[in-house]
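Look for chain A in each of the two complexes below; its partner is chain B in the first and chain C in the second.
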Partner chain A sequence: MDTVLQDIVLGNSDEIVKKWINEVEKNSVHKYSLTISEELFDSTNREFVNVIFVSVQNQGSKDDLKDFAERIINFGWPLNYLTEGMQAFRRVTTNFIIERSETLDAERFKQVLESVDEWVDPIVNFLVSEYSGSWESTVSLQKVALQELSAPLIPVMDGITVMPLIGTIDTERAKLIMENLLEGAIKHNAEVVLIDITGVPVVDTMVAHHIIQAAEAVRLVGSTCILVGIRPEIAQTIVNLGIDLSKFPTKSSLRKGFQSALEITDRAVVNLKDKGNEMENMIDSLNKG
Partner chain B sequence: MNNQSCIPIKKEWDIVGARQYGRDIAKNLGFGSVDQARIATAISELARNIYLYAQKGKICFDIVEGVNKKGIKIVAIDEGPGIEEISKVMEDGYTTSGGLGAGLPGIKRLMDDFDIISEVGKGTEITVVKWLR
Partner chain C sequence: MMRIPILKLHNYLLISIQIDLDDQTAIQFQEDLLKKIHETGATGVVIDLTSVDIVDSYIAKVLGDVVSMSDLMGAKVVLTGIQPAVAITLIDLGIHLKDVPTSLDLEKGLIKLRQELEE
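Then we have the complex of A and B:
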């Protein structure tokens, strides 16, 4: 650490800050002005440059930087605002020190570059890793959330379970569907399993293939699989593709599928109120007789 | 011709991006929901073929104008292993991957125009067009 250079930079911080702000504003006039108000941009710039100076001053301490990075990530500032800001700082500082230097030979020049790099690079690395860390954690959280949503199995009544599918089916999800379907069919002792594809946007040959395989596997464990929620446009594309779904029953809606499931399990939906009336009628007719 | 744009296919999720993009173009052109589903399905098949057999490639979209008609042109380009016997892959039920074997003949039935150029070891280019009626 070259303390002489550090003193030059810290001693003239006002001037460097002014130059840096000019540089940053020049670079980003068109980029951010649409989405971010001028005051916010100014105040963020000031905060940013203060954080840089604090970090140059006490090497190693990154508390302020961490706070700043957290806030700026939360606001959703683009990462290139930070990297461009650091590049501007590097340019401005190097120029500033070189302009101040009386002797400028190769050795001195090298020294200046090295020192500035020593200040700038750790900050850049830190900011980039904070950013990518926050992205990574978001992505992995979403992945987990998606997986939780991916293949739920709902036992609606004794012997009847429903698996509603929503969204795109990829290979990984298809595997999960198969596993959950079979596991659930056995666990809930399901006689009929309804697969609802109302929410699946596109049924191509791969999706159809996986559904056929799942249905076949369900048949092997002794249950019946009914494919429900086939929208008209999906029915047409399936016919165009030439996919044979004749091996297992299909229905246009979950309601119709559920009705056939009830029939298969020898049950029916009975309206209690009507039944009451029927009884009354019967009693009435007996009384009359 | 205008509005040409390509979507690279490298990951399985790129398939979703490509068909979403194609569906949007089809919707803007005025295709009905059934044709939108047909186009999206065809893109899905094309993109999946690239992903399965060539690992990477791209899907290009174009709006074409004929006499008194407009349509969407989709070109799937890869530099994969190529197809040895094109007549065979156009048969229903022929598959090398354990799938249903309905992909290419299915695409042909879903779309209006279908053209395939393939050279073993060099790659495959499939061009399909759906006309707006």
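Then we have the complex of A and C:
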């Protein structure tokens, strides 16, 4: 019986394709036409329906489908184009077979629905899993990239190291920050570690807690931690939330933090030439002349 | 039970802990150190923890105690070379060793000790 239905569908593929394309265009002409040219839409439609027919014809073989799915994912077609297309195919085919049937009792009806489902569902499942697979791999790649960016440590000078933090800090990242900070402090033999939170948009109790913990841990390994880059609004939230940051030094900007880091390591920045003096010298020489 | 060696260098005492401390060893160490401070009249103590990978809350408490006890006896203590993992554990346990000076390594520890004693 299955093959009979299959024969009906395959034998009348032209008609079904025509109906299907009508259906798809009716559904989606206003959705994709803005970004995708008409020819491309047509050719993709034709290709899609071919792939559907091929996979209905030889049940189980997914090579064509895989190819098609890969290409369409690379192209960035939305998933709902495919699911809507498959839904349209189900509607069109069911209608078509039912119209062609001489006898229409409950049994026959059930058979038609079941066999159409048997063709359509594996394809839908396959396409959706291909799509979600590609999303998952993208997400995991991005996660890795984010992790690489999340806690850089820059040894700017003998004994002074800076960790600029950008973006939101969650528990996972805070852990990474703390580990990198401590490992780095020991590796670079850093007496002073500056944590720059200029790029941290929100400092709530949790973020503050993580930062305080990191600072305490840094103190335990034997370095000093200075928190720099505290913007006015951050200062306000910190005080309003009742967070006590008095235990370790804080500075408004990296420059000031660096200054006190130099003081802690008993160093200072010296101008090699005094600009004021130079001016005076020049004026002197002019006067002499 | 292991006894932890305590070395004397001028006015300072140097201790390098190279085993994982158990409770008894820690207490023994506490007694030994205090005795040694009494004998030598040392003014500074450096305890190097570079080779210590695990510290539990009791050991941390003992270390904190040793520091304040030595302070009472007139010897400043600096802890050096605390490993990242140990630092994280201590912070997680809520042990902040607040008034204990720390340094990255033995060399910096000695410098810090001298600074603290000069003040």
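Everything below uses one rule, namely that the second predicted complex is superposed on the first by the 262 of 289 C-alpha atoms of A that agree within 3 Å, B and C clash if a C-alpha of one lies under 4 Å from a C-alpha of the other, contacts with A are read in each partner's own complex, and residues count from 1 in each chain.
Just so it is clear, a residue touches a chain if its C-beta (ideal position, glycine included) is under 8 Å from a C-beta of that chain, and two chains touch if they have at least 3 such contacts.
This structure is a prediction, so every number in the text was calculated from the model and none was measured.
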Chain B versus chain C as contact partner of A:204, first or second or both or neither: first
First (chain B), second (chain C), both or neither touched by A:233: first
Touching partner for A:243 - first (chain B), second (chain C), both, neither: first
First (chain B), second (chain C), both or neither touched by A:222: second
Chain B versus chain C as contact partner of A:189, first or second or both or neither: second
Touching partner for A:71 - first (chain B), second (chain C), both, neither: neither
Chain B versus chain C as contact partner of A:170, first or second or both or neither: first
Chain B and chain C contact sites that coincide on chain A, given as residue numbers: none
Touch list for chain B against partner chain A, complex: 12-13, 15-16, 19, 33-34, 36-38, 40-41, 44-45, 48, 92, 99-100, 102-103, 105-106, 109-110
Touch list for chain A against partner chain C, complex: 178-179, 182-183, 185-186, 189-191, 213, 216-223
Parts of chain C lying in touch with chain A, wherever the complex brings them together: 79-84, 86-88, 90-91, 96-97, 102-105, 108-109
Complex contact set, residues of chain A against chain B: 168, 170-171, 201-206, 208-209, 212, 232-234, 236-237, 240-243
